[in-house]
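One chain, chain A, links the two complexes that follow: it is found with chain B in the first and with chain C in the second.
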Partner chain A sequence: MNAIIATTVFGILMMFIGLMVNNKKTVTSLAAVFFLGLLGVNIYDLATVPADAPQMMFNNMLRMDHTSMWFNTLMTGCTALYILLMGKEFEKVGTHVAEYFALIFFILCGLYLLSTFNTMLMLFIGIEIMSIPQYILAGSDKRNLKSSEASLKYFLMGAFSTGILLMGITLLYGASRSFNIQDMVSVLHSESLSPLALAGIMFIVVALGFKVSAAPMHTWTPDVYDGTPTAFTAYMATVVKAGVFYAFMRLFHVAFANLGEHWILIIAIIAAATLLVGNVTAVFQQSVKRMLAYSSIAQAGFMLFAVIAVNNTAWNAIMIYAVAYSVATIGVFSVLIKLKDYTYDGFNGLAQKNPFLAFVATIFLFSLAGIPLTGGFMAKYYVLTAVVEQGNLLWLVIFALLMAAISVYYYFRVIIAMYFKTGEPELTSPVTMGDKVMMLVTCAIVILAGIAPQILLSHM
Partner chain B sequence: MDIYSILFWVLSVMAVGCALGVILSRNPVNSVLFLILTFVAISGHYILMNAQFLAVVNMIVYAGAIMVLFLFVIMLMNLNADVEPQKGQMVQLAGVISGGVLFLIILAALKTAATIEVNPTSTDIGLIGNLGKVLFKQYILPFEISSVLFLSAMIGAVVIGKKEPGQDLPRSEEKAVQQ
Partner chain C sequence: MTLVLLILIPLLTGALSFAVKGDAAKGLALISTMATLAISAIVSAGNYTAPPATFSCEWMPQLGASFSLLADGMSSMLCLLTGIVMMVVMISQVNKDVERPGSFYGFMLLAQAGLMGVFLASDALLFYFFWELALIPVYFLCSQWGGEKRIQVTFKFFVYTFLGSLMMLAGLIFLATRNPGANAYSWANIVHTGASLPVGQQMWLFWLIFIAFAIKMPIFPFHTWQPDTYEQSPTPVTIVLSALMVKMGLFAVLRWLLPVLPAGVDYWSNTVIVLSVIGIVYASCIAIVQTDIKRLVAYSSIAHMGLMCAVAFAHNGVGMHGIMVQMFNHGINITGMWLIVSMIENRWGTRDMTKLGGMASTAPQMAIALVIISLANIALPLTNGFVGEFMLFNGLFGGAFANHMTVMVIAGLGIILGAVYTLNMIQKTAYGEATTMVIAKDLSINEYVGLAIIITLILFLGFYPKPLLDLTASVAGMIVH
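What follows is the complex of A and B.
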């Protein structure tokens, strides 16, 4: 609860700082301090919530348990890492630097609600608080027409998906006569299931599938991620997506736990379609930024596995996947943003020009591809184990392994361009000592998650 | 057939008919006017369900303020048949099929749904006093936290609305500069 208040207060403080401080560098440094402070508040929250007794707050609106507090802490940590790596790049996007930081604080407020919601009302408000700042961030580079296009497209499609989500919540309310997800699970049973509830669940699958860019609701993703300023794409594709996945799991594993036979197969098919579309289309991209957009669709397919598997391993899996994927993707984007040319050719010969950048990019791409000893491997291992434990869905696991093999091709294409091709890549800004330290820290987290993933599960 | 049923049917026919008018009329201005009528009919339904405050708010906010804004936007954009994007036959067919399937599902779901009788004796349930009590006691958190949502929307209005140095001028202003 303290974290929700703290992030809102920090967001408002950022707005006032924007009013009073004119130097962009000072604003960035202050924001970094605030994000580290927010991480401290989260750790305090984590320490004060008892491990085995979840706290219900505000007439059962929120349910603060240890797992969700730990998820909040990890995601805040990823956000702080993101700000330390890329905060400087905000200054190049536009003039309203302080407002961009404020919006990221508000996104975190939405994330905290999504990880602790106990009623559909809070789910809806959380998703909206998370989405609206993203529409704004997508359109923040007003000198670039593609950014405005991305913002408008995202906003219109997002508004439609919100409508569908509300329709689903309404139908579920009609069937269970409650917004509370704990009440829902006691009312909704397979034998006496009202078709209203079934239709409601399908609407919610579509709406949440849109937010996490699952196929066939993924069509907005490449254009929006490509048009959005790179500094913000890195955040939209990682922490935000992980937050919606956590809410997705919380809703389906708690409220619809008894109805598995109705939704598991449908989400399994969606996951397979997402993997297929994401991986196969990523192969044909010429721009690395666009390839990363498709790769984020493909990774969403893997994260859907955690939703499908209704067991404890799935919760471990989402925790590791969220961190491993977020950290590695933020890392790749931090390298990408240093380059002037986002096509594969723009990476040609990076290893000769700047061996350090090429090296860290290789580690991050290894993690995304799921090579052993990196966090990405452990993440994929855990999600696949969860689905195997679930049973009946072995075809999906085999299909996922096949798709993971395809993904190696397009990730390694970047590595080949960096190491085995010659060219003169142009950098937008020099790689400073601070950049190097932060990139090395990010690398260390990626490797640590691969060697000792149990650290990420230590507070579950 | 008592007065309640008569009102219910009149309002329902009005709501469905006007909603059809929204999507079937070619002129966008007519669509907006039909939408206002739909809101009026729905407000009538709210009153039938003893939600007087909601009915009033629906009239003032939706039928009044938001629809006027809609009308302004449509008139400013000067929409007509010439600028309407042409959709391919296949896209139209796909739209009809998916929309039809959705309609069928909702129809089937509603057909078997259990209906709950509203309690007609408690006429003050939708009055502003009771609503306020529920809003500030049971639903205090969603009520307060919505402020974060509106705050970010306000930031959006400022960030997107303000002109940045180096930003391209809109076409109309460009002409003015040239003259």
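What follows is the complex of A and C.
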């Protein structure tokens, strides 16, 4: 509750600061302070919401339970980490630095609504609050044609999928006479299911599938992620996506809990398709940034596992996956943004030129590939365990493992370029002491999540 | 606590080694391997008088995983082997220079830590962690310090083994989730759960788990990564791969497959035995036509591992005991072979047998060592190889499976073919005219020491294998019941 207000206030404050403060460095520092403050507010919220008594807000529109608050805290933590790692890069994108920070505050506001929504209306509003700032961020590099293309493409496709989402909500309302997801679960049963509800669920699957870039609704992703300034791609591909996944799970595990037989197999097939498209296409990319776009599709396939498995392990899984994937991807992007050339060849010989960058990038890539002792392994472990516990979907597990082995190919290509090839990689800016400290902190989080994942679950 | 030291010493010295510059890394690695060897000797010695040492502490209770280690006869024997081989490798490296020694020895020690962990782990998830931890340093070692084609060859090796391990992970998760709890991944629980599964499930679960081990050993037709990787790797890494890492596969079959899925093993044992025997004959035949010594030894290793794997599925007590003994002996012998191969390569600049010759006249000590080790490799009586191989064939002969006589006869061909290619190699390298003009030095002090350790072990265990037999008897009995 406090966090929703705080992030809005901070966002508006940032916009005014943009008018009054001209020094970009000051703006960036202020923003970092605000984000840490927001993290503090989240921790306060987490402490005040009792573990077993969720708070209902706004006529039962929002339901603040402990798990959601913990998810908010973790995602705010990831955002703060992202700002500390890459905030400086915002200055290079354009002149309106303060507004970029403001937009990120608004995205977080949308994320808080998505993780606590209790009615379909809040789900819709949350998704819109989250999406609109992203359309702006995608086009923030105005003079770059690719950035404008990304923004327009994202906006058109996003608006289209929003329409589909609304249509789904309407149909479900017709079937259940309620927007409230707690009411829905008591009305929607397999025995007496109206076709309206089924159609509604399918519409919602498509719309949310679009937001999390699940195949075959993924086609916007590579162009948008590629065209968006790198500093913002890192955020769009990580925390934002994790937020939508959380909403996805919340909706399907609560409202449609009794209808598993109708949607689990469909989402399982979507997950398999997402894994296939993401991993196989990533193999053929020449640009690391584009590869990361496809890898984010592939990782979305794994995160869908948490939606498929309707059990407690799935909630643990999404929590760990969201953090491990976000932190590692933000880390990789923080290395990528230091390089001039985004192709694989641009990484050639990085280990000789800058061993530190190469080392941290290796840890992050290990995590994305799911090598043990990194957070990425535990994340994959949890989603796989959740699906195995669910039963009947072992084919999906085996298929996912084959795909995970393929993913090693493109992640390790970067490592091979850095360590085993020679070249003269050019850096856009020197790696300062501050960068190094933040990158090491990020590495430490990745490894900690791999050795002691229970820390990430401690408040559930 | 001593068990934790076995993992911790190489792990910490390995990490430290990355920060060390120049030759200090070499010294650090030598001291570290000596310390580890001493501790593994203590652990092994303890097994003669006391029950196996264990260690356990909490790790990830939510997942049902704990940090538990167990050093029974088989584990401590393999730790001892790891200790000896790593020390011999470090001794042989004393007068050699590698680029970036800090990283090189760092990765070597990390690989050792992973191996020790694999052999000691008595928790399935911990086992999986170490299984991967052993692989990654080797990946970097081969890719950075290997031969010309190192990058794609090593990458193939990595993806192959990684895919296998993922399948194994899925199998282990399946087993652990059937019987969840705070100790879901403990060896006892996995065995209990697996053995009580219906036959139908054990049948497909068998392949999920076995494929990782089959790739590691490697068993025909999963062996294609092996000769290339051995050839392209720098010799110290080849030794780690062939003397130690392939044992991981066999060890894992004995510890994490045979007791876990007895019905699945019964169902598939004939298939695996046939594949192994095909592997023996096939690899031996290819070894005969090789001219590159390194590839020859690589194929001979496939043949030897194939025999051990076949016996592992023959369900026979003597055979099982033989595998334990032969794991140790094969590790020692192949280390010796690789040491000699690398000496040949260093002195004459080639591994091509057709260009070599006359070692006996130019470097007699080396030639003697080559002959002894080669004879051990083809299991001549009074060498350690004979004891193991005798027991292995005994196991095949007494095995409770169909057509065991035919299988034994065909597998026996492997010995004859082994003699063919090994003696051929001795003849072409040690005897004949010296074909090159290079004046070769004989053994240097450190090489002398390294080979002396190997040859002493070969002869000692050939005459008096009782210590080794005693150490592993109880475990062998337990696996076969």
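Some points to look at:
Keep this in mind: the second predicted complex is superposed on the first by the 460 of 460 C-alpha atoms of A that agree within 3 Å, B and C clash if a C-alpha of one lies under 4 Å from a C-alpha of the other, contacts with A are read in each partner's own complex, and residues count from 1 in each chain.
Just so it is clear, a residue touches a chain if its C-beta (ideal position, glycine included) is under 8 Å from a C-beta of that chain, and two chains touch if they have at least 3 such contacts.
Computed from a predicted model, the values in this text were never measured in an experiment.
In this superposed model built on chain A, chain B and chain C occupy separate space and fit side by side.
Touch criterion met: A:416 reaches chain C, while chain B stays clear of it. Look at A:89: by the touch rule set out above, it reaches neither chain B nor chain C.
Residue contacts after overlaying the shared chain place A:457 against chain C, while chain B stays out of touching range. Contacts of A:405 after superposition: chain C is touched, whereas chain B is not reached. If you count the residues of chain A touched by chain B and by chain C, you find the higher number for B.
With both structures placed on the common chain, the touch criterion links A:435 to neither chain B nor chain C.
Contacts of A:45 after superposition on the shared chain: neither chain B nor chain C is touched. Using the contact criterion defined above for the overlaid structures, shared-chain residue A:139 touches chain B, although it does not reach chain C. By the touch criterion defined above, A:394 lies against chain C but remains apart from chain B after alignment on the C-alpha atoms of chain A. No C-alpha atom of chain B lies closer than 37 Å to any C-alpha atom of chain C in the overlay. Contacts of chain A with chain B, set against its contacts with chain C after fitting on chain A, share not one residue.
Residues of chain C touching chain A in their complex: 60-63, 128-129, 132-133, 136, 140, 143-144, 150-151, 155, 158-159, 162-163, 166-167, 169-170, 173-174, 176-177, 208.
Of all residues in chain B, those touching chain A in their complex are 105-106, 108-110, 112-114, 116, 137-142, 145-146, 148-149, 151-153, 155-156, 158-160, 162-168. Chain contact summary for the complex, chain A toward chain B: residues 4, 8, 11-12, 15, 57-59, 61-62, 94-96, 99-100, 102-103, 106, 109-110, 113, 121-122, 125, 128-129, 132-133, 135-136, 139-140, 142-143, 145, 151, 171, 174-175, 177, 194-196, 198-199, 202.
Within the complex, the chain A residues that touch chain C are 316, 366, 371-373, 381, 384-385, 388-389, 394, 397-398, 401-402, 404-405, 408-409, 412, 416, 419-420, 452-454, 457.
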